[in-house]
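Take a look at the structures below.
The two complexes that follow have chain A in common; it is paired with chain B in the first and with chain C in the second.
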Partner chain A sequence: MITLLLALKVVATTPEYGAVAAAIGGDQVKVTNLAKATEDPHFVDAKPSHIVALSKADILIEGGADLEVGWLPPLVEGARNAKINAGGPGRVRASEGIQLLDIPAALDRSLGDLHAAGNPHFMMDPANAKVVADHLCDVFCRLDAASCPAYKANRDAFAAKLQAKVDEWAKALAPFKGKPIVTYHPTWRYFAARFGLVSEVYLEPKPGIPPSPPHLAEVMQKMKEQHIGLVLVEPFQSRKTAEAVAERTGARVVDVCQFPGGLSGTEGDYVGLLDADVKAIASALAAAK
Partner chain B sequence: MEIFTLWLWPLLALILLPGLLVYFGLHVVERGIIFVDLALAQIAALGVCVAVALGAHPGHDALPWVLSLVFTLLGAGLFAWTRFRHPRVPQESIIGIIYVVSAAAATLVLSHSAEGDEALKNLLVGNVLLVTRAEVLRTFALFVGIAAVHVMLRRRFMMLSFDEDEARRRGISLRTWDFLFYATFGLTVTSFVQITGVYLVFSYLIVPAVCGALLSARIRTRLAIGWVVALAAGISGLALSVKLESADLPTGPTIVCCFGVALVVCAILMRLRKGSDPYLRSEGTTGRESRP
Partner chain C sequence: MNIARWLTVLWFLFAIGIASAQDAPVPTPTPTPTPAPAGPPPITVASGTAGKNYLNLSLDGLIVVGASTEPDVPGLQTGGHDPSQRGFTVQNVEVVFDGAVDPYFRGQANVVLQIDPDGETVVELEEAYAVTTSLPKGLQVKVGQYFTEFGRLNPTHPHTWDFVDQPLVSGRMFGGDGLRSVGARISWLMPTPFYSELLVSAQNAKGETATSFGGVTGDVMFGRPLDPDDVKSAGDLLYVPRYDASFDIGETQTVVVGASGAFGPNGTGAGADTGIVGIDALWKWKSARADKGFPFVKVQGEAMSRRYEAAATPLLPAETFEDHGTYLQAVWGIKPMWTLGARYDRVGGDVGDDPADPAFQPRERASLEGTWYPTEYSKLRLQYAYDDRTGLKDASSVWLQFEFLLGAHAAHKF
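Up next, the complex of A and B:
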């Protein structure tokens, strides 16, 4: 109870940051996620609990690559908490120090500049999760020096566990090097780059734009030409669209998620989530061979 | 006290702003054009969508605001112009058509824009929890201005809604006055919808007016009842969503459900009164015969 009172109150915009924060903070932090794992992170509906959590927070972790730009700023404004205002001591941009992919060469609105900063789904590469873990460890140490040794020990344990798993995942996906995959949204670019897959075909014609019939026809054509046998879809994306495409091309729909808790049994567990994702993708690739 | 720090501006928004909507609700219910607010909000949203498609950025550029105003006025003109008496075509059907076509047109206009969805959502799905001080003050100033116009010209506006025959007999230009009515109504709805979202606008317009009509035939009494219902439902909805921490209810839908409860209470009150009030028993509660 005493640790709970002294605990750092951490708010994460999306659950993968919350999971890493809990892994580093252990008993010394209390983590609240704003978006649910099954909720589209581009659109989150504000609830009173969000504002209350933010008003009491010591630390706010956001992606920092514009993913939450549509809903986070008014929530933070409503919470009136100087600690987590932009530039405040408790505001953490997880993307700091991470090389983002897909940064638009020129800002052209016709291409959909939803994310001018680059592709915000960088946590799907475990190497980036390691960077975020280090970053969070530094921030926790700065705000709670007394528990710093514990944070560092937790960080090292997390890194070791992650590294062991990364080797395992790389081995599981090694047979499919260079294989193309179809995804709903460009969420799996970092994942594909890390594990040697090719993620260049999306059900969305442009990020954030719902699939149109001509675009889906083009996708199905590509799937036939390139022998792509799987379509990745997340809980908050249109499974119906993925099913329609899969049915017409003989492909299979694979349920994956970028957030811990989006697949059953992965609640609050970043490593467990990636493990489930890798297993689902590897087995679908094997079946499609 | 949390209520005076975190929830002060949502609370003030729910106290200061609904008064004008309740007043417009009396007109809307009397005219039987229940869905006109949704149609006007959707037309204004279409204006914003066109601006976004032209490359403007909501929140930064003036074009979305200007076009939403222009489209609201166009919509007002459209509704004024389609107020006709056709034996087989009720005006409500025209309103429905305008609503669905402008909603579909917005989707078409935005089908090539990535920001569009967000822009559309921000317009139609406001969340009262996130209202800022500037928004409340700006909207309140606008509402005071609109209310002043309606107080000054109240006889005309009342006659238009509550006694159309008399207005025609006096040779009043229905189209001109209707345009003014819909223009002020459209401004009210489109500014309120950005703060609270479509469901709440609809509730604030219709439920208090219906409660008033259930309980009284006199316009002033209905307005007073409507204001009490609007304040009670808004404040209790906000309080419930904020105080029931374990339930963590989203505020907008909680307020809408409080309106549902308020309507049931009013219906029970009406039953109780009906037995003792010979006027209500014989005349019904439409209020056609009353004068402002």
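Up next, the complex of A and C:
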């Protein structure tokens, strides 16, 4: 009970940060996620209940790469909590210290919904999750020095578990080095870079722009030329579109997710989520060989 | 009047807030994390361009084209940003500046440009305010020129609306430009497990953005010429209390309910006051697997009632008028980027029997809209409305609206 009362209240914009925070914080933190694992993280409702959660928070973890720009600012203003304001002691930008991909040379929305800071889906690379885990451990230690040894132990355990899994995942995907994949949105760029896959074909013609028939025809052409046998789709993306493309090209649709809980059995478990993603992708690549 | 004491308390709280905000510990910079051992280490850099500007700047254009069976479009449409003529209307071109002032305030200004039917460009300082970010105890103070937080629609800008025009009740109670004025507002986010907020605003009570109150000298309300008084005491200001609460029902539904009041002197003569009270509600369902926020269904309604004390004139006795209005609307986000909506509007009440003033006669309107958003930065909306007006011909109108947004990404309030 006492632990509960003293627990650091952590709010995460999206569930993968919440999962890592829970792994590092253990019993000493209470984690709330704002976005659902199954919804489009670019368009989350700025619900009043989120303001209540933020008003009581000790820590707010955001990606910090503009993914939440359409809904987080009014929530933070509504929460009027100095701890989590920009520059506040509890405000964590997870992208800090991470080399982002796809930083646009110029900001031009005729190229789609570009994120000025770069591609915000960096947590799909487990090496970046390790950076975030270290970052969170430092923040937790700073705000709750008494529990710092526990946070460090949890961080080490998380890192060890992650490292073991990364070796396993790298081995599972090694036979497919250089293989191209098709995804709906450029969500899997970091994942592909880490595991030697090539993610350059998307169902969206430009980031955030819905698929159009001429673009899909082009995608199908590329799939035939490059022998791409899988289309990755997330819970909120149009499975129907992915199925139509897969049917015409003999490919298979692979259900994956960037958020723990978006695939059943992965609730609150970052490593478990990536494990499920890797297994689904590896088996589809093997079948498509 | 205890209002002067109230203001003193308000100011005192504000001053305490600033003082304690300044006492807050200096935030330590986040340490740079150590590189990861998994695979090749990521390069450690300070990432991101977010926050590289002191000021976010955006420009929103809202243009409408259409026609109505009623030639007198301004008589039909009660909003200052509604279509103002057959053919094309520039509803507004809104330039928004916003950003952090310092660690204690965020500032925002909305400068609106319009082109009137004579081709003249009109500039309006719609809002320009600072709001505190770091007061303790859930308090927040806003100071400047701002849309009064009365009900759900009044504090919002036209490009965020679900329909081409404002509901009739907004025009009846608050005039064409909504209720807004220069003043200060304090709000308290109450420490309840659910969302619960109490707000009180004190603003100047006169001008064309306070039509039910002081109004503009020379304008006529209920047959009486207006001559609003200057402020002689705190009692001559407009006071607007509001309470709202919100609950989530499961993972996918949210309800917001609110009650507001606006009380102040009106311009018909000494001692004549106006009181407006309103209730509002919103229910929204959004799919747990929402793609770009779709599909969703939202139902929103507001009801308002006004009591207007009209002072005696050499020709007219002192009278009190009571009128009311409501709207109820439903919008269905069918699939990503497509919505369908319907709205029912009605205003009426005891407003005397002056047939020369059709603006105050009872009337009803039904509207249907369909919207396509090519992206979140543009939209195309088709709307049909049928107006049923006492003492005037019924009217059918069709409007096609286009919006484009440049610059900083707009954040959407719920």
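Details
Just so we're on the same page, the second predicted complex is superposed on the first by the 288 of 289 C-alpha atoms of A that agree within 3 Å, B and C clash if a C-alpha of one lies under 4 Å from a C-alpha of the other, contacts with A are read in each partner's own complex, and residues count from 1 in each chain.
Methods note: contacts are C-beta pairs under 8 Å (C-beta built on N, C-alpha and C of every residue); 3 or more make two chains touch, one makes a residue touch a chain.
Just so you know, these numbers come straight off a predicted model, no measurement behind them.
Taken together through their common chain A, the two structures put chain B and chain C in a clash. In the superposed pair of complexes, A:Ile98 makes contact with chain C only, with no contact to chain B.
By the touch criterion defined above, A:Ser212 reaches chain B but does not reach chain C. In the superposition on chain A, A:Ala46 contacts both chain B and chain C. The wider contact with chain A, measured as residues touched, comes from C rather than the other of chain B and chain C. After superposing the two complexes on chain A, the stretch of chain C that clashes with chain B is 381-389, out of 21-29, 129-137, 309-317 or 381-389.
For the contact definition in use here, the residues of chain A common to its chain B contact set and its chain C contact set are 42-43, 45-49, 51-52, 55, 70, 74, 77-80, 109, 113, 208-210.
Chain contact summary for the complex, chain C toward chain A: residues 21, 24-25, 27-28, 30-51, 100, 103, 106, 131-136, 138-140, 189, 192-195, 246-248, 251, 254, 256, 284, 286-293, 336-337, 375-377, 409-414.
Interface residues of chain B facing chain A in the complex, by the touch rule stated above, are 2, 5-7, 55, 111-118, 121-122, 125, 127, 129-130, 132, 241-242, 245, 248-251.
Interface residues of chain A, counted against chain C in their complex, comprise 36, 38-40, 42-43, 45-49, 51-52, 55, 64-66, 69-74, 77-80, 82, 85-89, 91-93, 95-100, 109, 113, 116-118, 125-128, 130-132, 134-135, 138-139, 142, 159, 162-163, 166, 170, 194, 208-210, 235-238. The part of chain A that touches chain B in the complex is made up of residues 42-43, 45-49, 51-52, 55, 70, 74-75, 77-80, 109-114, 206-210, 212.
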